[in-house]
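First the structure, which I've put down as structure tokens, then a few questions once you've had a look.
Going by the order they are written in, the chains are A, B, C and D; count residues from 1 in each one.
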Amino acid sequence: MADLNAVKQALREQRIETPSWAFGNSGTRFKVFAQAGVPRTPEEKIADAATVHRFTGVAPSVALHIPWDKVADYAKLSAFAADSGIRLGAINTNVFQDDDYKLGSVTNPDPAVRRKATDHLLEAVDIMDQTGSRDLKLWFSDGLNYPGQDDLRTRQDRLAAALREAYDRLGDDQRIVLEYKLFEPAFYATDVPDWGTSYAHCVELGPKATVCIDTGHHAPGTNIEFIVAFLLRQGKLGAFDFNSRFYADDDLMAGAADPFQLFRIMYEIVRADALNPAYGINFMLDQCHNIEAKIPAIIRSVMNVQEATAKALLVDRDALFAAQAAGDVLEANSVLMDAYNTDVRPLLREVREDAGLDPDPIAAYKRSGYQEKIVADRVGGQQAGWGA
Amino acid sequence: MADLNAVKQALREQRIETPSWAFGNSGTRFKVFAQAGVPRTPEEKIADAATVHRFTGVAPSVALHIPWDKVADYAKLSAFAADSGIRLGAINTNVFQDDDYKLGSVTNPDPAVRRKATDHLLEAVDIMDQTGSRDLKLWFSDGLNYPGQDDLRTRQDRLAAALREAYDRLGDDQRIVLEYKLFEPAFYATDVPDWGTSYAHCVELGPKATVCIDTGHHAPGTNIEFIVAFLLRQGKLGAFDFNSRFYADDDLMAGAADPFQLFRIMYEIVRADALNPAYGINFMLDQCHNIEAKIPAIIRSVMNVQEATAKALLVDRDALFAAQAAGDVLEANSVLMDAYNTDVRPLLREVREDAGLDPDPIAAYKRSGYQEKIVADRVGGQQAGWGA
Amino acid sequence: MADLNAVKQALREQRIETPSWAFGNSGTRFKVFAQAGVPRTPEEKIADAATVHRFTGVAPSVALHIPWDKVADYAKLSAFAADSGIRLGAINTNVFQDDDYKLGSVTNPDPAVRRKATDHLLEAVDIMDQTGSRDLKLWFSDGLNYPGQDDLRTRQDRLAAALREAYDRLGDDQRIVLEYKLFEPAFYATDVPDWGTSYAHCVELGPKATVCIDTGHHAPGTNIEFIVAFLLRQGKLGAFDFNSRFYADDDLMAGAADPFQLFRIMYEIVRADALNPAYGINFMLDQCHNIEAKIPAIIRSVMNVQEATAKALLVDRDALFAAQAAGDVLEANSVLMDAYNTDVRPLLREVREDAGLDPDPIAAYKRSGYQEKIVADRVGGQQAGWGA
Amino acid sequence: MADLNAVKQALREQRIETPSWAFGNSGTRFKVFAQAGVPRTPEEKIADAATVHRFTGVAPSVALHIPWDKVADYAKLSAFAADSGIRLGAINTNVFQDDDYKLGSVTNPDPAVRRKATDHLLEAVDIMDQTGSRDLKLWFSDGLNYPGQDDLRTRQDRLAAALREAYDRLGDDQRIVLEYKLFEPAFYATDVPDWGTSYAHCVELGPKATVCIDTGHHAPGTNIEFIVAFLLRQGKLGAFDFNSRFYADDDLMAGAADPFQLFRIMYEIVRADALNPAYGINFMLDQCHNIEAKIPAIIRSVMNVQEATAKALLVDRDALFAAQAAGDVLEANSVLMDAYNTDVRPLLREVREDAGLDPDPIAAYKRSGYQEKIVADRVGGQQAGWGA
């Protein structure tokens, strides 16, 4: 049996990073449904992120997205975050929204566009120096819509060159986390389509480059926990973008579409003793709350990750390893499922109470009046969004 | 052997409808890259559609999308189209972009929203009366993002009620073509997700309701030509939205992603003698030209459909049926592939020359100066787009 | 809140049918790993099925597969089943294993093969007359491996003719349940590939024909609970073949791959008041236990279905409908998830104890000595399998 | 424009390896349909492979599968092949059909099974020493059917250890080609599921380990030509297993399901100047001819690869690179499609005639009487098959 005190301590120490952009408006190519109370400035996003942390206790950092969160003074923004009770986390680059990037950023056939895109990566490291961020999160939407549109191999050369420049600019305590994605917005070929591509580049770059797994970025049928286990073994798993999906990159709340999968992923983390923040994985959310209220959706997502983690921690690993060693398929599966089938909500309520939090973060948030306040206060101005 | 004269005649008589919105800007949730020269008004879209027809000779109608193509006087718009050398085709409804439709249109839990959405369908039939259009094209983005969000079955009741109202409003020569789509923008459940759902509703509605197949709206691995053959057998295939995809609803140029699939689809059409306009199928394009020039992309798409059709017409059906009857798998496949492997571009050049057209529509378009003219003329104003 | 007594009663009355062939050997094209103690005769399969019922209390019938379960005297077999404590259930036809069926059975281009296959369907109804079975379960592996191999549309005509003959042969209390499957063993086109095809044929046949949903037979991303809800609304859902899958038709234990999906399916059943045997749905298992012990795997599968059902019954439908009507996405999802996240194993232990059963069927089975006995007794002879 | 003489020379020098097992019976888990004339011995398989080479001129080697092709004297078998006009190619290992391998071979929890499996790999290198084969082709069916069944990470350790032993046993001119496969026969997790896993192991092993791409072993939507281009860039593409699929690992004739994809793959090969045998890629077929005649199906597959290659060679690379550099999406796509849309059959007929072959290999094979002869001669004995 898992040691309950150790489980509770691990749950108390768990850390989940929220994404600033998830507090803003988002949608599909068909429609962005604006919501009342949505933040208009980086500071308002940080205030929302701090609110999520206030009610969950496990979300003490917020990832920024440049230029969506561009400010004149990042040190000041950092101080604002600290005053709000959280800190600034990963810096996400954006090399997909300028008109120049129609045919790609760092892999664009035009060297001037590549230069511009690479300079943006370097600028992001400058920002990291000011925010004290560790992680430079790189996602390239670069790719092709049509066979023949550009040369697949040459684009890899261009990608490698840009990554190298960014890597060489990193400080001692900084690193690249390189995301991959099967498709969208490119619809024929994507330049970093899968974990293998990201991994191969990271290996070539060096120890400060690691892979970021966005759980919604895989082909149908991909076993994500296998990738987790494999990258952990190779020492190359740097970060998660948690969200969930039924079809493509749906960006639903983590754990909403397939809670069993999230549990299996967290089990591999626990099994590798990689849950603790000291291990170095950045467990981020990356979601779109297109039709549901944003702050409670993010609270709910944090709770879903916590529940999956609690179940993973409850796995009786001695019994599991024994059944596995004995080749007892049904028993081994049964041990794992026993943990999954446990209702861990009471345990998490305890963990929260121990930490001086309300055991029911959603109810507490609703009672807090925060939502009513932001709806009343945030009138006028330009609501944050993707700016697409 | 196929009779070459009959093949050429069939190709001359083929009709493909272009979509007004494909001439406007489009993109993904990440970015819409605007293009110079894009139309700003329904009239400018019609002018572009007429240009496609001028160079291809087989695209004499253009589908409208309401409200994107809303005008005060549809009879006047119809006359404008006629003066431009084409006619107005299917009327597409839009019940997905008003803020009211966040949780659905005709299946929304709120009866007032359902009323509003259904009224829009009825209004579209009013427009059809004025434009002389035959086809009311219905696509509902309605669906759910999360399990439990709404009741799957009740939504079908609501859908049936709205469809019935619209159906009963149809004139004698009008009909509903009901589109289906697996997902997007709904990411858990869509209310008309597959051909079976559309078919079942159409059967219940009556003879004036038929299914519209959008070639990009299926689950991975779906055999689309089977659906074509099946619906033809049931007398329920009303229309196509042609486009192509590698992943989801990518909306690439028809024939670009899988030309062999397009050929197999067209073979089922030819085999059922359903190519001729008299049969009643509306062969439409429905595409997004996010990164490529729009008018040549649409010309190219028309040509791709023509090439697939020419190959389908060239299938030696006597030889094919004989090999099929004999159970000769390799020979039957070989007969089909012989047609597919034929280079039909010379034949289509002939067909065009016989019709007094330039044999190379793309080159002729480039030489025509039309692109330069619209880029120069269409300055200022609001470029057409999806308005998302 | 759901009424706990009603929930327990519903669980007590639930019925799941086991498949005779799941007790025999099975495997992949790469290897069938034989297991000790596997039955050699229909009687031994029935004994195993009765054992599953003895420990679960909810599996009182066993489906037969002809010719794998062919016997000289079906009345005698029926009596044997009754003596064992169960009854004979659905009769499954097999028109895929004779050499004649290489290119199809009822859709074969050769009329003699079609005749033979159709006669087998009629023979199965004869058997049903003797076994007292209600359901003629039809699965056709018929399809094509190569484009052009045979005519898609003509094969539908042949299929319809055979179905009509079988339908007309049915007695008053008998019915057809028509299964569909995306692919395998046909690798290009399958003649009944999806629910729409099965549904359309069943509608044409009449009220005694209904659709059978095998949960493993869909394209990736298919929303199965939607199909369940839709067919229930149309009055055309006749049966389930439960199993689970990560990739294709993996035939894993029900609930093993995606327990959340199974819950969502069972919720639609409960919501339509279709769980009760009187409603008429045959809830069957159809699985392959390639590497795990067969009887405990089937017991486990039954328990998984029970757990999903218990959770579905626990959904607070008043609260759910209220949240849905209010358009409260998060609350509606939350109500559903509350039920899913409940640990229902204690409840099911109670239900079993109330019924005089051991609360832990797997442990009870292990203690019973049955496994040791069949391993010792069933030596020599020909182990049952698929005979491929 | 491509230089036609260079194109023809490249086509003459192209080499495709046939698989011995494709001449034997194969099928699905549902049924293996035996065919008349199928070989019963390795020698008869070699005779059939030599026949394919005799009519195509580009298939001068045959891959063996141990133990399916186990013989007492491999030098003698090699001499037999040479006398038949071909040579022995890759040695394929089989660690999936012994009863011991139910839970895996080199990743089995039982060290004795791992030892046995690893010894088989070493034995295969012994055989290579005798046959003069360069390639040790490794495919591991190892994996899990159920979550928890075994430890994902530990299995990688075991895999790495076995690969290391085999690698260290290789002679100077020998190498490992490591295949990957998404699923089947394992239905939850496979130990080498994707190119990234194979690549990472190959990098760790060293220069004599390279990746083998089986075109049917990917998740839906995977862009295979991207993998080809990427591995070529990394110097780690060692071999292909060509076949085609619509759904899973369908093992249809190469080019049958998606001829456009095969063309795009071959274009990446040509673009990297990797077609020539001197480059070192082993272009193998790996197919199942379940319902079609085997030898003509293999001839047809060879021809399909040739046609895709011819089209790839015909791409006007200067024009393509120019359009790519200019960012002209439509023109670049058009240049590629011009080559694809060309009917290359006349060119290949010429190439064959230049080489003293019949221009129509299928017709020549049919006229040759070989099929009739093997049907008449190969009576009695045990037909070759997978022995599942």
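The rule is short, and it goes like this: a contact is a pair of C-beta atoms (placed from the backbone, for glycine too) under 8 Å apart; a residue touches a chain by one contact, two chains touch by 3 or more.
Just so you know, these numbers come straight off a predicted model, no measurement behind them.
Pick the pair with more C-beta contacts: A-B or A-D?
Result of the comparison of A-B and A-D: A-D.
Can you tell me which pair among A-C, A-D or C-D shares over half of its residue-numbered contact pairs with B-C?
Answer for the repeat of B-C: A-D.
Please compute the C-alpha centroid of chain A, do the same for chain D, then give the distance between them in whole Å.
39
Averaged over CA atoms, how far is the centre of chain A from the centre of chain B? Could you give it in whole Å?
About 38 Å separates the centre of chain A from that of chain B.
Pull out every residue in chain A that's touching 2 or more other chains.
Counting only residues that touch two or more other chains, chain A contributes 103, 145-147, 182-183, 188, 220-221, 223, 246-247, 256, 260, 291-292, 329-330, 333-334.
If we count contacts the way the header does, which residues on chain A are in touch with chain B in the complex?
26-34, 96-97, 99, 101-103, 141, 145-147, 182-185, 187-188, 220, 245-248, 250, 252-253, 256-257, 290-292, 386, 388
Spell out the part of chain B that touches chain D in their complex, as residue ranges.
220-221, 223, 246-247, 256, 258-260, 291-293, 296-297, 300, 307, 329-330, 333-334, 340-343, 345, 362
Help me check something: in the complex, which residues belonging to chain C touch chain B?
So the residues of chain C touching chain B come out as 103, 109-110, 145-153, 156-157, 182-183, 188-190, 193-197, 199-200, 203, 218-223, 225-227, 229-230, 232-234, 260, 264, 268, 271-272, 320-321, 323-327, 329-330, 332-337.
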